[in-house]
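Below, chain A partners chain B and then partners chain C, in two separate complexes.
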Partner chain A sequence: MINIPFVQIYELIAYISLAGLCLVGVLTLGASGYLWVRDTFVRQTVASLRPEIVAHAGSSEQDWEAWVNERSRLERRILRREVPRQLRVVSGSYATQLKTLGRALGIDERADRALSARIKQKRLIGLTQLTLLDQAVPLQHVRGTECPRERALAAQCVISDSADIQPESIVRLLLEPGTPLPEYGVYTLYRVMQQNPLSLLGVTDDTTWDLTLTVQVLSVLQYIDYSSSDAIRDWIGARLRDEQPAVRAAAVHALGPYIRAYAMTPPEVDPLTIVRDPSIRVRAAAFQQFPAIEETTVRRKIVDTAVEESNETVLLIAGQEFGTAISGTHKSITPALRRSMAWARATNRRRTTRWRTPWALEWEHQPLKTESTPELLSEPRPTGEHA
Partner chain B sequence: MVTDVLVVASNDMVRSVVVTGFNHHPELAAQGVADARECRSVLETNDSPAIVVVVAILTRTDSIAFCEEINAQYAATAILINATRVSSDIPRDIDTRPAIDPITLPEQVSRNV
Partner chain C sequence: MSVVYSLVTGFGVFMLGYFIIIAGSYLTIHLASLLRMREEMASASWEPVYDVLADPMVPDIALVVPAYNEETVIADSVRSFLNISYPAFEIIIVNDGSTDSTFDILDDEFDLEQIDAPVPASNAPSKPIHGVYQSLDNDRIRVIDKVNGGKGDAQNSGIWLTDAELFCIVDADTIIQPDCLSKMVRPFLEHPDEMVAVGGPIRVANGSLVEDGMVTRPGLPSSPIAALQQIEYIRAFFAGRLGLDRLQSLILISGAFGLFRTDVVRDAGGYDTDSLVEDIEFTIRLHRHLLDRDRSYRFGYFRNPVVWTQVPEDLQTLSNQRQRWFRGLLETMLKHRDAIFDRRYGLVGLFALPFFLFGEGIGRLFEALGYVSVPIALMFGFIEVGGTLVILSGIVAFGVFLTWLSLLVEVLVSRQYTHPLQIAVLMTLGVIEFLGYRQWRTIVVVKGLLAYVRGESSWGKMERVSLGGNQRNK
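Moving on, here comes the complex of A and B:
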């Protein structure tokens, strides 16, 4: 048996540790150097290709294919990363050219193949790339998935593709699983239903929806002109009797387009029951939507109910929306209501507590015109198709 | 006539693409800067650019104020490009695209010179 002195064992361990440390250091420096060289090369290649892409703007699909064939394999690989990146920040004719270039680079074919991948992340990347390129995706690819993001992206792809939109299929794709949609999916639903509000009806009968999804659909209806559809009106009416206050409040908001169109609530809906609802959210929603009612008797009863309101949040909205009517008809009001009306007069703003949704923001954030920024600032946003 | 254009955009990609678009235009020569401080230091040099294009992506209010400052204090015309996203609620997957078309933008700017 070999007898190793105790001190030598420690020395051996120290040497091995030192060697390991040196190896890790060398590998780290090597990897950093490699990444630096690679990034520099990619940056330089991209910088040299960008002017060429702009210079070729206006080329036909064949010209782009010829241009792509002239590029080296490495340049094509870099371009396949660069084109989707640029498509996220540009629009208009340049974006159209980039999409043609993307197709010439075969990004769409690769994305199509990625849709069959078992890893969800790959499928999402494929769907995102198809969306960026405005390419169609066969719905059967995503029908089976339970991932709401995947469904929302697929629905967006179908819309982007265009001419042949089948609203019912898209709405079914989004709503059939009955699970909440991501924000982008809600926006997609809005875009589809704006074109065809009746597309909702195919999925309302046979599905048990999650509470959040019901609220999301109702929040979309708030911005859709469905006033000529009795079926949608009935569906909203049924939601007004839901046991969940969030659903009832969303349903009251969803009545907005009908009330604005006819200056009254639907015949089967009693506005006084709504303004006396036990939930604060529902009463607040009612006072936001009911100012458009013109029928004198109903309006007077709503105002009377507002005067009797005890919750300060609801009073604030009632003060904002019905302040003039209240001060015209009631001499004696509670101090809380007086404070709310004073606040409403001081701020002189209507509807401070509206839900914020992408399309609401789109309307509210229209470009301002100022003297210093004359021409371009006042132009409408040219993005159009996706925003 | 070649007019100098200074593109102010904090996003590297946007800045690079817009500058490339301007430089492709025969009558415009552009350079890019990332922020207001860098822009001011360029404007304070003797050969300051004639046009400053401010690309507003998220901080539009600040950008309007900055354009007004340029118009008031420097011998340059500021143009604000409204590239505000619709909503920050939309996930980054897709809709992070500002409204910039580097092909038509130089034409618009040259018409405003």
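Moving on, here comes the complex of A and C:
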């Protein structure tokens, strides 16, 4: 008989694993039991308090401070957790009442205190809770921070308090560091600029923005009526000369509101240069935005360029947007363009102009299906099977 | 005798080293998932007040649904997809040459009309398309009817036809939570220039209550085979992939559910139409494609978005599926062998690929070798019983320990199964798994290896059961 080598090491592993197993087993079962009891209790408490809250919110006597004082300490604790959660899903007068209840519970004071915490997560929680309560935060609290999430949350918090919005400060708060914004930051920027497009102007000078942020701002401008502002128009015009195709494409989309307002591109912008841009993405953006141009000669030249287009994706857009004009003026067109126009007619679906430009990678420069994937088109796979 | 002793000792050293490295890797991944869990819990505590539905700037998403002989589930699935709350999405169902009435059911249910024009996606790496159909009932729905080419092939035709910036791959037998896309898209919005793919966990639908195309009450399957798979899914999705993501080594975004950037995927050539496990092959290739071009990119994995899928309840179907997975894994590892231990591919090359090869691939074969050699050695008295039992108990304890660690993540983060009794049942299943199921699975793996050696490339047959409405899945 041969003795198994290193059996002591295996023995050690077995003991360690058994110890770990016991520990994790106790933790898992314990945590599941604790959370189940806690959640059941919270659910029952909330269910019993909800009718009272609804009744109190509907009554003429709405002294929430007194109502809160009648609650036990545990109930107040549960409500402090539950009210912000509810505020995410309710709206209207009930939400207003819940916000008052939240203040009576002291959520706002705790959130205010959290803003001075050294731990970022606590500050973020504080900002979120203040937003839910529609309570503004003094901007100096977050001015110094480089964290885009914190700045975006602060901006969101400020605009939630509709009483005193200073668009320029909010835009500055969002854009000054020049780093990309999280999604709710971009949305906040959109909401602020919808109210006041000119608020952008204070921060567009002397700024070195990250590429993504530039694209994000241009994407927002696509949805803003800035047409009366020459400064914004000029700023977009300068971005059309950027070396990055993603920025140029976003700038073309950002020209959309101007073109729709005046039925032409700004005087300093040459639409023909854009439709002949080497980037597929820029040309695609141009054919999406330029149908609103009414000037006959320019339109004719755009249509001529569309007829010469070689990329299938761009052709499809050109066919959708300029199909009628092409068939009215050009007798001989390429089979590819004819296919695109036929597809556009048959689908009768125009591409919606959505946020199709925030992607900062220059993907159109990558070769398609060549060097890395020749095997894709090699042998046919067996048929009749699928998982 | 000394030669035999040296050989046995040498083999013992090798096995011990192998065991320690593989067990260490599994432990590292599970501990990384706990770290990731802590981060997730922290970020969940300050989730911003942001409504994707109100944002006009969100990108379009195409749900690409490959369907081959899915007549029992396709109508319910599409109806469940229509429940998704996202402002800009379309559903592209790719009927991959089904031989049953999949297409007819789609036509009856959603009133299809053929788009009377040549299909523009002429450069798609897929088999020819018979026609593209638009639903007259709901303009979100399109159906591609094409020559059978396999799952990857069907996915490619959908990916090349859509003009959405993002596409989401979904299996035809899955149920999606309505808020799934609005949550999944957020990493793309937060890192628009870098995020390329986001995966999410897949749950076992068997045993859950499905109402109007949605899982309203998660439950445990009554079938023991499905219940044991439940454990595997929890381990794979709530510890495995969460941990791999934390270690920047996520090389598998499931083919049943994943959100991708359309332009990048097209640029990488789409799915491999010949692969048996198109998802892992594609995820690895996407990594390599981006790393070869020195791109700064991110892959994401989020515990929140949940989709539900049916798992096989009979051993034959499960065996077919697992054999295919194993053959596919070997095939993929062989295809990407030059990237294994290649420093240019960072953690993907140095950790993820070797882990899958030596842990999930060769490790299984060593396990099979153990199941054969140890009983023989014991029978003939070559090795001592006490030492063998120590080793076996160590391995089982370690395996159960990892399973329970995954359940801890489930309890603290995912919280789909909240009742302690459900958790106790799952913990018990984690032990029972070692009493026969694991050994059966090893036999399946060996069958898979033999099939691979024989050059078989069959997918095997999968039986579907209707997802149903207002009913509890078996």
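One rule holds in what follows: the second predicted complex is superposed on the first by the 309 of 387 C-alpha atoms of A that agree within 3 Å, B and C clash if a C-alpha of one lies under 4 Å from a C-alpha of the other, contacts with A are read in each partner's own complex, and residues count from 1 in each chain.
In this section, a residue touches a chain if its C-beta (ideal position, glycine included) is under 8 Å from a C-beta of that chain, and two chains touch if they have at least 3 such contacts.
Just so we're clear, the structure is a prediction, and the values are computed from it rather than from any experiment.
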Practice prompt. Tell me which partner A:Gly92 touches in the superposition: chain B (first), chain C (second), both or neither.
Written response: first
Discussion item. Contact-wise, after the overlay, does A:Leu132 reach chain B, chain C, both or neither (first, second, both, neither)?
Written reply: both
Discussion item. Under the stated touch criterion, name the partner, chain B or chain C, that contacts more residues in chain A.
Written reply: C
Item to complete: Name the contact category of A:Leu153: first (chain B only), second (chain C only), both, or neither.
Response: both
Item to complete: Identify the partner contact of A:Tyr187: answer first if only chain B is touched, second if only chain C is, both if each is, neither if none is.
Response: both
Discussion item. Just checking: does A:Leu74 make contact with chain B only, chain C only, both, or neither of them? Give me first, second, both or neither.
Written reply: neither
Worksheet item: With the two structures laid over each other on chain A, which partner does A:Leu272 touch: chain B (first), chain C (second), both, or neither?
Response: neither
Worksheet item: Does the superposition put A:Ala238 against chain B (first), chain C (second), both, or neither?
Response: neither
Practice prompt. In the overlay, answer first, second, both or neither for which of chain B and chain C A:Ala55 touches.
Written response: first
Discussion item. Give me the intersection of chain A's contacts with chain B and its contacts with chain C, in residue numbers.
Written reply: 88, 124, 128, 131-132, 149, 153, 156, 182-184, 187, 356, 358, 361, 367-368, 372-373, 375-377, 379, 381-383, 386-387
Worksheet item: In the complex of these two chains, what residues of chain A are touching chain C?
Response: 1-7, 9-11, 13-14, 17-18, 20-21, 24-25, 27-29, 31-33, 35-36, 39, 88, 121, 124-125, 127-128, 131-132, 149, 152-153, 156, 160, 180, 182-184, 186-187, 190, 211-212, 215-216, 219-220, 223, 246, 312-313, 316, 339-340, 342-343, 345-347, 349, 351-352, 354-356, 358-361, 363-364, 366-369, 372-373, 375-387
Practice prompt. Please give the residue numbers of chain C that touch chain A in the complex, ascending.
Written response: 4-5, 8-9, 12-13, 16, 19, 23, 42, 45-50, 52, 54-60, 66, 68-69, 88, 96-97, 99, 115-123, 125, 127, 134, 139, 147-151, 153-154, 163, 165, 186, 189-194, 261, 263-264, 266-270, 272-274, 285, 288-289, 292-293, 295, 297, 321, 324, 381-384, 387-388, 390-391, 393-394, 397-398, 400-401, 404-405, 407-408, 411-412, 415, 418-420, 423-424, 427, 457-460, 462
Fill in: For the chain A and chain B complex, residues of the former touching the latter
47, 50-51, 54-55, 57, 85-95, 97, 124, 128, 131-132, 149, 153, 156, 182-184, 187, 356-358, 361-362, 365, 367-368, 370, 372-377, 379, 381-383, 386-387
Worksheet item: Along chain B, where are the residues that touch chain A in the complex?
Response: 11, 13-14, 16-17, 20-21, 23-24, 64, 67-68, 71, 78-82, 84-87, 89-91, 93-104, 108-109, 111-112
